[in-house]
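Heads up, there are several structures right after this.
After this come two complexes, each holding chain A, first together with chain B and then together with chain C.
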Partner chain A sequence: MSESAVPFVASTLAVPPPSSGIGWLDEARRENLAAFGEAGLPDTRVEAWKYTALRALSQRSFIHGDAQAATRDIDPEAFALPGLDGPRLVFVNGVFRGDLSDLSALPAGLALRPLSQALAQDAEPLRFALARRYKERGDAFAQLNAAQAVDGVVLRVAADAKIDVPVRLVFVGVAADAELAWHLRNVIELGEGAELTLVEQHVGSGNARQLGTLVADVVLRDGARLQHIVAQDASADATLVHRHALQLGARAQALLHVLELGGALVRHDLQADLVGNGARLDTRGVFVPRGRQHIDTQLAIRHQALNTTSDSTWRGVADGRARGVFRGAILVAPGADGSDARLNNKNLLLSGSAEIDTKPELEIYADEVQAAHGATVGQLDERALFYLRSRGIPLAEARTLLTAAFCRAVLDDLPNATLREHLASLLAIRLPV
Partner chain B sequence: MLKIENLHARVEGKEILKGLSLTVNPGEVHAIMGPNGAGKSTLGNVLSGRDGYEVTAGSVTYNGVDLLALEPEARAAAGVFLAFQYPVEIPGVNNTYFLRTAFNAQRKARGETELDSMQFLKLVREKLKVMQISDELMHRAVNEGFSGGEKKRNEIFQMAVLEPKLAILDETDSGLDIDALKQVSEGVNALRSPERSFLVVTHYQRLLDYIVPDFVHVLADGRIVESGDKTLAHKLEEHGYAWLAQHGEPAGAQA
Partner chain C sequence: MTSERSDHMLGDTGATVLRDNAEVAEALGRSYSAGFVTEIESTGLPPGLSEETVRQISAIKREPEWMTEWRLKAFRHWLTMPQPDWAKLKMAPQDYQAISYYSAPKVAPKSLDEVDPALLETYEKLGVPLHERAALAGVAVDAVFDSVSVGTTFRKQLADAGVLFCSMSEAIREYPELVQKYLGSVVPPGDNFFAALNSAVFSDGSFVFIPKGVRCPMELSTYFRINAQNTGQFERTLIVAEEGAHVSYLEGCTAPRRDENQLHAAVVELVALEKAQIKYSTVQNWYPGDENGVGGVYNLVTKRGDCRGADSKISWTQVETGSAITWKYPSVILRGDRSVGEFHSVALTHHFQQADTGTKMIHIGRDTKSKIVSKGISAGRSNNSYRGLVKVEKGAEGARNYTQCDSLLIGKRCGAHTFPYMEVKNPSAIVEHEATTSKISDDQLFYCRSRGIGEEDAVSMIVDGFCKQVFRELPMEFAVEAKKLLEVSLEGAVG
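Then we have the complex of A and B:
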């Protein structure tokens, strides 16, 4: 069967990519779409998709873009984070919603607006990010995103600006009549010495059997500091493919916390290039697939400069017939001497039918490198369970207590206490009992 | 309070307890001594309901109830407490939180009102004073990184907070130096009362210098072969367990 006969691909190619009137952008869209049409969706023979089969997805047809997104009724409670006031951009089914957003009183040094507005005003600064052609075999969704995304977030923090309120990006998925696909493209840049806390939320309302793709470029110039939280709690029927590509300049520091809780099929590519000397990246994450959920995280960190540091702690908990996938690939490139790379992924299977595939990979081509990586898959400790029960804690409660404790390391070092509490309670609600 | 009759139990298909009988009345302290492999720890584990121990014959009645039919948490709520020989480390679970959860779970099971965190903290402070345990241990994860002595003291501290009716101390003296042994014993002695009974399981007589028992039983090959008062422990210390074999007939002794 040729790729264009696959329903997913055929429905995507049926309509031309949206036109922006900007020559270089429309050309990039056309070429990325053509590349997608040629290769189609990757199968499990492609290494990056080895544990995530797209067969069922490929049989579905999607309408790209939701014409009614601007008027859909949304309850702001769905994404409320009490105690965290600050600028907020809200998208519903991939469409910017000014009525739900808050762009009043932006702190000095912060430029924040939807991509559609930024393109209309001055597209040129976005050219480097948006003119990109994706060519890797596993890049199908990035190609699709590059071809179809007409909106997203453009966020810039001026050099040395320290933004002291968290900025929130909220992505809401709601049910539509047809099977809907939406695409968002985020371009984020912190100038030299800038500081920012960024909170990304994915929430779902109703049975949103839809596909969302999100591609984000995050650039940290020298000495910039970013705290980035991704709380993914999409609706139970949603397919979400999101990708963050980070680039860290000299002495830049990024601290990421990722919660992967919702969605039917979720793929997260988290790529970081440490290109400046002394850059530091810390990632913390937990994925909790239940029922028949499938959550795939692909972490790729490339140390490309002297004395760069990465430290990654990830936890997976799978229940029911769920599947978790974690790949943690660390590369210490030639010349990245004195680098320190640590990765640890521990996983817990709460049911005999659940599965987690974890694959730490470490490649070192530099000198005087410190590196440690490890991954485990196990069950709840029977001795600990008995210890708790012997003190009077009922079995179900004991299991919950131990499962929550297993995930705790992931949130421990989140500096913002309010945010930490929010995420902890979100996690507690979603943890299997 | 506790009546064990002709108890037989197997672990991994191997019979460890072979007809153990013992009666404990309220307020009594019974020491169970015996050589390695006699079944001392098995007794504690069977009484507290650990998985993997199969009772093949006999009965255990606790305050008129069939203890063996209860889940471990129900036994705890009914007032049975096991101080572990090897307390388990539980990373990520705060010691205070753990203890409050246990405390309230027991109260809930008994139909009593639960304590909020402030009320519970007050209770903990009072008990800490009695047990001479540093506040700092309460902020750490359960037993994580605790020294051997700290773990054992934490067991006794939990006992002080949970206030069981029947406390089983499984080789609480093992791995303790003399100072830690004294501290732990003082903690136990502070909890002795006319309503609370103790089963003190130990290999060595040493512990019984500090926790003076009302009765001493010798457990050998899965049965109690000798019972007496505290002087029996001294005889054992003097002559060793081998002395028993020559000394007399094994008997299903009753206290």
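Then we have the complex of A and C:
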């Protein structure tokens, strides 16, 4: 079957990509869409999609963009984070909602606005990020996003500015009449020595059978420090494909916490390039698919400079008929001496119909390195269960306690206590009982 | 037969190379000692591959009709398959029409006593005991020269015990019902590109059958040698251990040094029935190419064992130091309840060698266990990848796997990679994987040096320690060989 006969591809190609009136941008959109049309959706023979089949998705047709997003009724409680005040950008079905956002008191050194506004004022600084052509096999959603995204977030922190309030980016999916697809593009940059805490929330309300794609470029200049939290709790019917591409300059440090809780089919590509000497990246994540959920995390860390460090701890819990997929690839490029790379991924398989597929990878081209990874798939420790039960804790409760403790390990080093507790309770709600 | 490169012959030093450490350093001259060419008259098929070639091979070997058909079916399937490209290997495209698919010494020996002395000498040089020395070593050997088996030792003693050990061609003629029952039952002819090619054109190999309850009285061994130019070697080995049978099997390989890449695409099938145990050890030392990456054998091998019966065990041990390219994943299908699979591997690459090797453990039966220990050593400008799959199927209640993969880097221009896949569908299974990559630490080196150990010896000592876990699994004779082979292969890697 030719790609253009696949309903998903056909419905995408049926309408021309949105026009911005900016020559280079429209050209990039056209070319990315053409590339998407040519290659179509990847099948499981493409290594990056080996464990995530898109057959069902490919049979669906989507309308790109929600015309009524501006007027949809949203309850701000859905994304409230009590105790955390700060600037906030809210998108509903991929459309910026000024009424729900809070840009009133931006701290000095922080520039934050929707991509649509930034493009209208001065598109040139965004050219490098937005003119990109995605060509890798399996880049279908990035191509689609590049062709269709008309909004998103542009965030810049000036050099040496230390932003002491967390900035929140909220993405809300709500049910629409048709099957809806929305696309957002985020461009984030921390200047030299800048500091920022960024909280990214995905929430859903109603049975939003929609597709969301989000592509974010995050650049940390020399000495910048970023704490980045991604709390994904999308609607149970949603398909979400998000990608974060980080680039860390010399001595830059990023600490990422990722919670993958919601969504029917979720794919997260997390790519980091450590391009400056002494850069450090720590990632912590947990994915908790249950029911028929399918959550696929693809972590790729590339050490490309001297004395770079990465440390990753990921946990997975799969229950019901769910499937958890994890790939943790570490590359140490030639000459990246002094690299220290560590990764571990532990998984709990709680049901006979669930599946965990994990694939830690090391690709090492330098010899002055320390690299180690470990992965396990197993179940709760019988002895620990017995211990709890011998102290009068019922089996079900003991299981929940141990599962929660297993997952909470990834939140331990989150510095902001309010945030930590909030994420822990979010996790607790979603954990299988 | 050409001899233009026979000037590289190391002559009489060859046989002792693997035996005596003191002579190693001297004799080596840092090169491949098995790289000589034997001057022997041979006959063969001209290069080229077609249904006609397949029929000819089958005819030369006087095979029954069903075998010819089996080959043709495999060949037709092969024509429809693309060459796989997923491995982390840079491989020059192969011209399958430029290879000769059959080469044999002109005079076929009837017994070991009639084997051409030049041939015997070849094996003598390589340190393979075919004759009286075999008695001392206590190992039964099947020697395969290019496409044919030139002799199998200890046949009588083995026959007394009920063990069948002969060349594959002989087995097809003598024991067709056994061959028909088991050939292709573990690696089907259409399994993969190279297995299909092998199924179509395989020329010889070893056949081992250990009947019910028999413990094979000695180690069995096959020695493979590619000699002729522009030939590919496609051997096929089948080992069947019936209920309660035990066997330990060793395999060794060498080839002359030649500037063009020779193809070696073998298939090995192991079948272990209830309570049977098979231990398969390989020391692979095909010609690795020279220090500029010219020449060398392309070693593209499918090896798979099937633990068909309950409580059976299959264990693979490999030491891979040769070949320009190694593409090889000895696997175990753990079908029988409580069956056990093991994989112990040392893979060393130097200069421009590339290895993409590892294993697959497929847990199907209840309470099945597997253990994987892989040690990769990269030096020069080589690339060494571990690629492995541990799969636990839904019914594999209580399955257990432990995998350990360590890589050692020697030098700045080599690569060491690990690609483990874990697919788990049973909640009572426990699967663990650990991997590390590092170089020989300066502390370790300094410690050795401060005690008066030269740098090269110190490296060799540390590497030996790194590999100990695997060497321990090898039969003693082989362990000594493997250790020395490693020292030889690392020559010039330091400094």
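Assorted remarks:
We adopt the following convention: the second predicted complex is superposed on the first by the 433 of 433 C-alpha atoms of A that agree within 3 Å, B and C clash if a C-alpha of one lies under 4 Å from a C-alpha of the other, contacts with A are read in each partner's own complex, and residues count from 1 in each chain.
Criterion: a contact is a pair of C-beta atoms (placed from the backbone, for glycine too) under 8 Å apart; a residue touches a chain by one contact, two chains touch by 3 or more.
The shown structure was predicted, so the numbers you read here are calculated from the model rather than taken from an experiment.
Once both complexes are superposed on chain A, the partners chain B and chain C fit side by side without clashing. Look at A:63: by the touch rule set out above, it reaches neither chain B nor chain C. Applying the stated contact rule after C-alpha superposition, one finds that A:375 touches chain C and leaves chain B untouched.
Within the superposed three-chain model, A:408 lies in touch with chain B and out of touch with chain C [touch as defined at top]. Once the two structures are superposed, chain B and chain C can be ranked by residues of chain A touched, with C on top.
When the two complexes are overlaid on their common chain A, residue A:397 makes contact with chain B while staying clear of chain C. Of the two partner chains placed by superposition, A:13 touches none, neither chain B nor chain C.
Applying the stated contact rule after C-alpha superposition, one finds that A:47 touches chain C and leaves chain B untouched.
When both complexes are overlaid on chain A, the residue A:84 reaches neither chain B nor chain C.
The superposed arrangement places chain B and chain C with a least CA-CA distance of 15 Å. Interface residues of chain A facing chain B in the complex, by the touch rule stated above, are 381-384, 386-395, 397-398, 401-402, 404-409.
Chain A meets chain C in the complex at residues 47, 51, 334-335, 347, 349-352, 354-379. Of all residues in chain C, those touching chain A in their complex are 86, 392, 394, 407, 409-439. Residues of chain B that touch chain A in their complex: 48-51, 71-73, 75-77, 81-82, 84, 87-88, 90-93, 98-99, 101-103, 105-106, 109, 141-142, 158, 162.
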